[in-house]
Every structure is written in structure tokens, then in C-alpha cells.
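In the two complexes below, chain A is the common chain; its partner is chain B in one and chain C in the other.
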Partner chain A sequence: MYVAVKGGEAAIDNAHRLLAEARRGDPAVPELTVAQIREQMALLVDRVMAEGSLYDPDLAALALKQARGDVVEAVFLVRAYRTTLPRFGASAPVDTGAMAVARRVSATFKDLPGGQVLGPTFDYTHRLIDFALAAEGETEPAAEAEPRDDAGTCPRVTDLLAQDGLIEPSPPDDGAPVGDLTREPVDYPADRALRLQALARGDEGFVLGLGYSTQRGYGRTHPFVGEIRVGEVAVDFVPEELGFPVPLGRIRLTECQMVNQFKGSGTAPPQFTRGYGLTFGQSERKAMAMALVDRALRAEELGEPVASPAQDQEFVLAHCDSLQATGFVEHLKLPHYVDFQAELELVRRLRAEFFRDSDSVQEAAE
Partner chain B sequence: MSATGTHELFPSPLRGGGRGGGGAEGTTEPRSAPPPPPAPPRKGEERGRTPSEAGYNFAYLDEGTKRMIRRAILKAIAVPGYQVPFASREMPMPYGWGTGGVQVTAAVLGRADVLKVIDQGADDTTNAVSIRRFFARTSGVATTTRTTEATIIQTRHRIPETPLREGQILVYQVPIPEPLRFLEPRETETRQLHALAEYGSMHVKLYEDISRHGHIATTYAYPVEVAGRYVMDPSPTPKFDNPKMDHSPALQLFGAGRERRIYAVPPYTSVRSLDFEDHPFRVQRFEHPCALCGAEGVYLDEMLLDDAGRRMFVCSDTDHCEGRRADGHVGTGEAV
Partner chain C sequence: MATSPHHLRPEEVAARQAVMALCADASRDDLDAALQALEAPAAEDLRPPETGLVMATGRIGGDGRPFNLGEVSVTRAAIRLPDGATGFAYHLGRDRTKARLAATLDALWQDPARRARVEDALQPAAEKAKAARYRAARRTAATRVDFLTLARGED
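Moving on, here comes the complex of A and B:
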């Protein structure tokens, strides 16, 4: 005899206790500290900050610890925390031209003011497992850079190109308030600022795939990496009662300026166009993919046909958020008994009619 | 309806302008429409108050957010069936798991409310338990499993079998609020179709079902027309429940968190399931009564008892089933 199931509460409590135990793993192995995650899993921390839209390395590291290393889950924890924070204003725009660069490469010019700075990069490493790392030894100290004559000045490549009018200028700041997609629902068509917000917090894998698709012909943009730079910028805030900027601190950013071909139109002369990517921390893959997709999403503005997924802003913006995607995909594991029952009833009825009809057809044939 | 009658439809937070919904400093006025005296508690019933979680505002959301949501709700009530965009927040539970319903409930919940949460008709399914606990923790309001005692019922995929009454609010969790979404994926297009009341494509879809299958092959999330104007998704409730929405004395609110939409059916509003003269709308009928309480004309869950195909049909609405059994109704207890 069937008895209605009770005990959901106890089951949930027990599942959570089991989760805590699984998170800790073998108690004989020392527990990870948040500082260890922050320092040694720095790129993972950066990704959680970028997609979590909150610059706080310690909080991101703690979220990763709590989430057992699951990036989307860690992003979720950070976002849910972020949404409860009071907002006292917006910072002044950060000046990436004044960035203290740790890394800066241009694929369009061999040398340029400020130089090419490789910095800490996986590029040109041979991807061979370093078994010496398993021995937990100390690493060799890094070499000190020779000071350059032009050290400290590192103008953006796009600014250099703009001097000759070869690239479209950045649209001037019209002083209009910038939208915030975390506070207002997106109203399509969304302007570029909102699109960039969505891409900046969008899932790295999804944005990467979309960016890649433009390179393979689905909305081709003929891109060149004008520049990628990674480093720290100062964040200033202008309190209303003071009226002058007050430094809040420094944050690490990755910026990508993609330079794209444009043949010109009836109203615009031939010149290069821009795709822009910016992320918290060091994430060149994400910044580059974002810049590709940003440029692809400008298709309509630049009079190009909108035919590919990466050019379709409703497609991109509605699906790039990892939390929205994971929530809706994973909700399929919630009970759907009643809808399934409704479908069962229909399929049974349709099958009964199908077999009744085919029986009568067969009888008629006989 | 009289002015006081209108007030009765909105428990504390929606009453009176601008006041925080039982915010930390707010005092809760006596309800103008107190719920009927609670029936003596049944055995094993969950009913209690717990102090709210320290560090968070009453019912989790800050008062500014609640006001924003209430404005969207008021607009939704004023334009029945119209999807009002709202600035859905990131909630501490996943999108797709009821964040829209949770935000609507948080916005209308007052300290005097009694909350019931069901998922698939049952109070004890895990996600219903989780959401009920969330509000018990963050607001400390009384919770119940009894439809008759609740002032607010948050639901996923069912409408209780016990008829709702004036003063109650039914909050639906909605995954895809746009009834036209599977016919036209673009929001820019669907908003225009609604503006023009251009619902031909939906009728064609239903017609194609009939020509292909002999029936309208939509069994849940069956589209309805509200107040003779907007076509609305009733959320993925089985179409069995659609008739309960029509002229319901309760206020029905729909929250879609991921899609950032709120819509509403005010009390005593017409809700018509789309159909054709020669193919009138029909609800599912079950061949057997509930095996536990013997109820007929209710929605049933099918339980698989073994691998030999034995199954049993029991009430989907667990509160309704328990109530009937407490009143002495008995089913056959037999598998079919």
C-alpha cells in the first residue's frame, strides 16, 4: 500500500550535512585556506569576480571554497551576496590609458610607445605537466625588467590610430546616465553599454564559443588584436558633498581593443572599427572573446546584415548569463509530476486512437 | 466592488500607499479582512513562528526593491494578463526554481500573513519545503499546509482543489511567461503581437494540433485569454486547473524571475481557455478516484508500485487528500 511521502525537510538537512562533509574531503589532508585559493588559484578567483560582477578576491576565494571549486556555483554565491549590498554611487570612469601594466601586447604594431610587455603569460609555455610542482618546492624569483626610457607612458593603440582618423573615434561621453542591467530589465534593442555589461558578466565558455563562431564565418568581423593590456588602475569616486575625486583603491583589469575592418558606407569613410572587451582580473580569453562579440553585435549599427547568432543581440544577451542558463537547465530535475501526468494521459489517448485506427485499416484491407 | 472591498483583496503590504511591508521599523496594522478562525490543528501539521534571520530585511528583499515589485504588481493588476517588466533581483536560490514567485511573495508578505507553499500540489516536495523555510527564516511569518488557513499560497504547477476565497493571494512560479514564445522567439516581436492583440498564430497552432492529432495536444501551460484582451500563459499548470482561474475570488499573481516579468489576474476576472466552437476546451478526466481518499474530479498523481506495471492514482493536492481522510473519506487503497 502506498503511503504519501513525508520527510522532505529531514532529507534536505541530511543532504546539506553530507555536502559539507564531501566539501571537506579527506580530513587527513590539510584544509585549504581562503588566502591559498586567492593567491594560488588567482585566475579562477578572477573569473568568479568577473562573472560575479563584484571585485573582491577574498570573497571570490571563499565562494570557491564553499562551492567545492564549481565556478558557476561560486559565481552564484557572489552574485547573491552582491545583490544585497547597498549602492552609494558610481565611480568615475577608470582610465585604462594610465594603467600600471603588468602585460601589454599588440598584434598590429611590432613596437609602439610603452613597448610590448609579455608579463606573466601561458603563451609560449610548452604544455608539459611539470611534475616538479608536485614536490611543492619554492619557485625561482622572477627577473627584474630593465627600465625603459618611455616607462610609465603606455598610450592605447586605438588612441594612436585615432590620431590619423584611421579608426572610428570612441563615441564622446554625452553625460547621459549609463543603464544597469542588474537594476532594470533589458529592453530590446539594448544599447552598447548594456550589451557590454551583459558580456562582461557573461559565461566565459559561452562568450568564447560565440567569439569563435565569428572567426569561422558566422558574422565575420576581420579582427586584429590592436592591444591587450593587463594591470592595475585607480578607482576614483566623487562624493556629492565633496565634489572632488577620492581614490577608493586599485583594481586589476584586462582590456582588449580589437581593431576590425570596415569598408565604409555612404555616410562613413573607410576606417577601422572597434570591438571592446574588459574584465576584472586577468582573463585575456574572456576579454578577447568579448571584444569579438561586441563588434559582431554592432552589425546593425554599421549597416551589416544580421544573420548569425553572435550578431543577434536577443540571442546573445538572453543566453550568455551562466546563472540564468544553469538555473533553467538544472530546474528540469525539479519534480514535474503533474505536467508529465498530463502528457501521459494525452499520449495514452493518442496511442489508443492510433491502434484503433490502424486496426480498422487492417480489417478493411483484409 | 466597493472601495473597502478592494482593500480586502490586498493584505497588509499592498494596502496603504508606500508603507514598507512589515519592514523592520514598520508596525503591522490589523488586517481589514482577517482570515476565518483557524480550524483545530490536524495531527502532524506544520504551523509555527520562528524569529527572522538576523542581518536581512523582513522577507529578505530590501524595502526599495519591494516597492519596485509592488509597483509592477499594481500595474499588472490594472492591466490583467499583461506582462510587466520588472527589475528581478538575483536571489539566493537558482533561476528556474521559483525566484519570480519568491520575489512576488516577498513583496506582498506582511507579518500577519500565513504562508503556504506547494510544488506539484504537495507541501512536502523538496523545493516547496525549501521555499517555505526560506520565508520562515527571513520573515518569521506563520506557515501552514492548509489551503483554508493560508492568506498567501505560492505554487508551482498546481491550483489547490479547495476553492480559494476573497483575500487570498495565489502566487505562481512562472518559467516562460510569454505564451507566444514557442511560436516567436523574439521579445521585440511578441510584445508587438500582444500590443496588436494579434493572436492568429496561436489559433493556427491549436488548429494544427487538431488536424494532426484530432485533439489540441497542449496539456499544460494551456493558453488563456484574460479579461477579453491579453493571451496569457497560466504557467505550466495542467489544463485541468485552468477553469479554477476563471472568476476566482482570490488575487492571482505570476512571477517570472529569470525572464523578469510579472503579470496578474485580479479577482473575479474572466479567464477563458482558447478553443474552437467545434472543439471546445476540455479538461483531463481520470478513470479512477484517489486510492487514498476516494476523491473524484480532482487531479491525480500516478505512482509506480513495482516493475510489473502496478500503479496507483492518488491526489496531487496532498492537503486536500489529508483533509478528506481526516473527515473520514477512504479510498480503495488498491493498485490498478
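Moving on, here comes the complex of A and C:
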């Protein structure tokens, strides 16, 4: 017989009050403000924006405060918030070629127009804990220098390679409608645009692990970082009532152009192939991993055997979303009393049958 | 919805976009100060300020087919001045007050007779934005790598 039960309301309310107190921590320690999180935990905020798939630094910082710094919980809050808002439309595609670069490096060419610009990077730091940061104090002001004449023009490394036909061109804009996985469920096979949307909002750890697996031989692509650039781009949107592009403001993005080993055929000369990564905020690890996985997922298109997880689009796309993954994993802790009761009944009956049968076998043997 | 009582030529559209970009980058306080300086009449809402989403799109490889990167929060406002002029604003973020201030400035700017005064009032915000960009460019420039050719040790 199934008996519906109810209960735990008071316990849940009290658990939420206890959560609020735990979130605040020791009241003798000053409370964090949203602006402090936005400014001083900026890369964490960027990660929540990327995986929450919503660019809004203040909102991501607030979500992190509410979530006690739990990234996936903050992503959950941001995703839930976005479902309450109307969508005005889609922007014009951002022009990363016109990015105001805060950082731009290439691992393939030393000298290139616009130069190698390090920007604020952890690269080349010694990774020694800086105990001076435990004490409050003023930071030494950043150095300044007069920008050189070519500082404003950073052509893409892939454009330089393309001039000589050494790299495949990007797939042309044919004006076809762009699939949106937030509007329709993904149908397999998914095109590259949909795959990039899924990877851009995918869990950084999962995408990183997959990208790493391609380097270790599970779908090898022989990658070079053609270029990484971080900086601000303008976002334009054409409202129906105005009919011309309105500048909405600027967002910070990280772009990675991965240059991979060649492909050619009897009719086409060998050319480098490409993997692409683009992500909200400053996250080179995510953009690089995304570009590796983007290239791996093109295996079939490029006539390579599909044998590894990173090349299997259903495996990658169906499992890269941190919110979907956590939802299904974490639902296991919710009450399954009735399901489990049925399993208990079954295992008891099977055990009873097992012992009855073994008794009769023993009797027969005697 | 009528866009404006004043028909804009293409070069005027570009100038209007430049003012819109300036307002999008400026702070709410900067826009408030500009409107105070203009002694602007009270505007009524054509549409109450509203926060929503715009799907930001990128291009595969930076220059190819578009794809959906993720959404941005956007707040829009549409107002009408007592003389019938209408103004619009769409900004990143969720600041309804700021969007309404920018829409009012947009309406005032569209009147050729008031345009110069609006641009003057926004001058402090424009200079602030320009200084911030210049400062960022100088700090970035200091991290540009100068490669040195090392002596090869042949002599």
C-alpha cells in the first residue's frame, strides 16, 4: 500500500535560517559586498557568467555571495533568473577583430602586428603564496608606457595564415538561421554553431578534461595556440522600433584560435585546420579547452575516425552542462522511499528464493 | 511606434549612435549631471523601463558563421518629452534609472536646435571615458614584449 506522507516543513525553514547564518560566517568578520566580489573575485565572477550563460557581473557576484562561493549553485541562480526575463532579440555578431585588447599572445609567431601583449596574467608568476596579501595594504601602481602606433590594430593570426592559403577559411556566413539550444532541444548530429554554444556554457572542468584527453592521445589534433586575446568588444543590437544598430555597451571576452595539423586530399592541398574558443570574461583555460574540443568534434567532417570521447558529440554535448549534470546527480539525495521500498521487497524475495533453492539442492545431495 | 519627429540622415544616425554609445559607457551619475545641466523638462514613459535579455552572438573562427555565445542583460527605456519628441535607450545591465536618463538625452539630442547643448552637457562623461581608455591602453602597452636578439657566442 502507498501512504503519502508530509513533513519536515519546520526543519526546512530552520535549515534555511541556518544556511543564512552559515553564509554570513563569523559576524565579527566584516561582510563582503557585491562590489568587492565583482572587483576582487573577478575570474570567479567570469566563470559564473560563462557557465550561467548570462553576462552581468553584478548579478554573477550577487549569485556567488548567495551561493557561499559554490560555482554550480551560483550558475543555477543565474540560469533561474534569466528564465524570468523577456528576450528582446539577438545581437549583431561581435567583432573580435576590433577588440580593445588587454592581452594578446601567439605561440606560433613571435613578431606580429600589434605585438605580444601580456596584460594581467598569472603566466610567469612563481606560484609562491604571497603572504603579504594577508595583510591589507596598497598595491604598487601598474607601469605605463606610450602605446606604439600599431597597438590599436591586432589582425588575427589566422587571417595572416589565410593570406597564403595555409589555413582553412572559417565556415562562411550563409545567412541561415542560427540554432539556439535554449529554445529547442539539441538534435544529433548538431552543427558546429550549436556545439560552440554548448561548449561556451559548458562546465570548465569537464571541457578542460576533454581537451586534455585529446592532447594525451584520445583524439589527437596536434594543436598550436595561434592566438589568445582578451579584451572588450562592443555589442550592437537592432531594435525593431529604431531599425539601426544601437550600441549596448562593451563586454569582456576571451578568444582562442587553435591551429591544428593539416588536412588535404587528392584535389585540395594540405592546410592547417582550426578549432575555436570564445567565452565571457577572462578565461584562457576555458577558451583553450573549448577550442581543443571544437576541433576534436570536427573529426567526422574532416574524415578522421571517431573513436574517443572528445570526438563524440552526443557524449560531449549531453554531459558538458554543469547545471544539468548536477541536477541529475544531486537528485539522488532526495527522498526515494517508495522506489527503494520496492527494491527492498524484490531483493528479499530473490534471497528467499535463493535459500529455498539451495536448501532443496542440499537435500537432494544428501 | 514613431522613431522620431525629426527624420535623420545617415550621418546623423552615426552621430546618434555615438551619443548612445557614450551614454551606455557613462555612469548613471554622469547622465544625471548632464540632464541637470540641460534643465530638461520632465519626460513621460512611452514604455516603462524594462530589463530583458539579448542573445550575444559571435562568429565561428571570429569571422565565419554566427553562433549563440550567451545572453547579456539589457535594460531599455522609451520616453516622450512634452513637445512630442521621443527618445530610446538600450543598455547592458539592469539600471532602469540610467536607461531612462539616456532615453531622455536621446530625445533632446534629436532636436537639431538642442543637439550642441546636449553634446556639451555630455562632454565631461566623454572626457572621462576617453581618459579611462587612454590609461588602460598605456598600462597594457607597458606589458608588450620587446624581443632581444641574443649574441650567439661565435666570437
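For this structure, a couple of remarks:
Going forward, the second predicted complex is superposed on the first by the 351 of 366 C-alpha atoms of A that agree within 3 Å, B and C clash if a C-alpha of one lies under 4 Å from a C-alpha of the other, contacts with A are read in each partner's own complex, and residues count from 1 in each chain.
The rule is short, and it goes like this: a contact is a pair of C-beta atoms (placed from the backbone, for glycine too) under 8 Å apart; a residue touches a chain by one contact, two chains touch by 3 or more.
Keep in mind that this is a model prediction, so the values were computed, not measured.
Overlaying the two complexes via chain A leaves chain B and chain C side by side, clear of any clash. In the superposed model, chain B and chain C sit 110 degrees apart as seen from the Cα centre of chain A, a figure rounded to the nearest 10.
Shared-chain residue A:82: touches chain B and chain C both.
Contact with chain C, but none with chain B, is seen for A:170 once the two complexes are overlaid on the shared chain.
In the superposed pair of complexes, A:339 makes contact with chain B only, with no contact to chain C. Looking at the superposed arrangement, the partner reaching more residues of chain A, out of chain B and chain C, is C. When the two structures are aligned on the shared chain, A:42 is found in touch with neither chain B nor chain C.
With both structures placed on the common chain, the touch criterion links A:249 to chain C but leaves chain B unconnected. By the document's definition of touching, of the two partners only chain C reaches A:56; chain B does not. Applying the stated contact rule after C-alpha superposition, one finds that A:107 touches neither chain B nor chain C.
Aligning both complexes on chain A leaves chain B and chain C separated at their closest CA atoms by 12 Å. Residues common to the contacts of chain A with chain B and with chain C across the two structures: 82, 182. For chain A in complex with chain B, the touching residues are 1-2, 4-9, 11-12, 76, 79-80, 82-84, 182-189, 314, 318, 323-324, 326-331, 334-339, 341-346, 349-350, 353. Per the touch definition, chain B reaches chain A in the complex via residues 44, 56, 62, 85-92, 94-97, 99, 119-121, 124-130, 133, 156-158, 175, 185-188, 213-215, 217, 219-221, 236-240, 258, 260-261, 284, 291-292, 299-303, 305, 312, 314, 316, 318, 321-322, 333. Looking at the complex, you find that chain C touches chain A at residues 1, 3, 13, 17, 20-21, 24-25, 50-74, 76, 78, 88, 90-94, 133, 135-145, 147. Contact residues on chain A toward chain C in their complex (touch as defined above): 49-50, 53-56, 58-59, 82, 85-94, 96-97, 100-103, 110-111, 115-120, 142-148, 151, 156, 158-159, 169-174, 176, 178-182, 192-194, 196-197, 200-201, 234-235, 237, 239, 241-251, 253, 255, 257, 274, 276, 278, 280.
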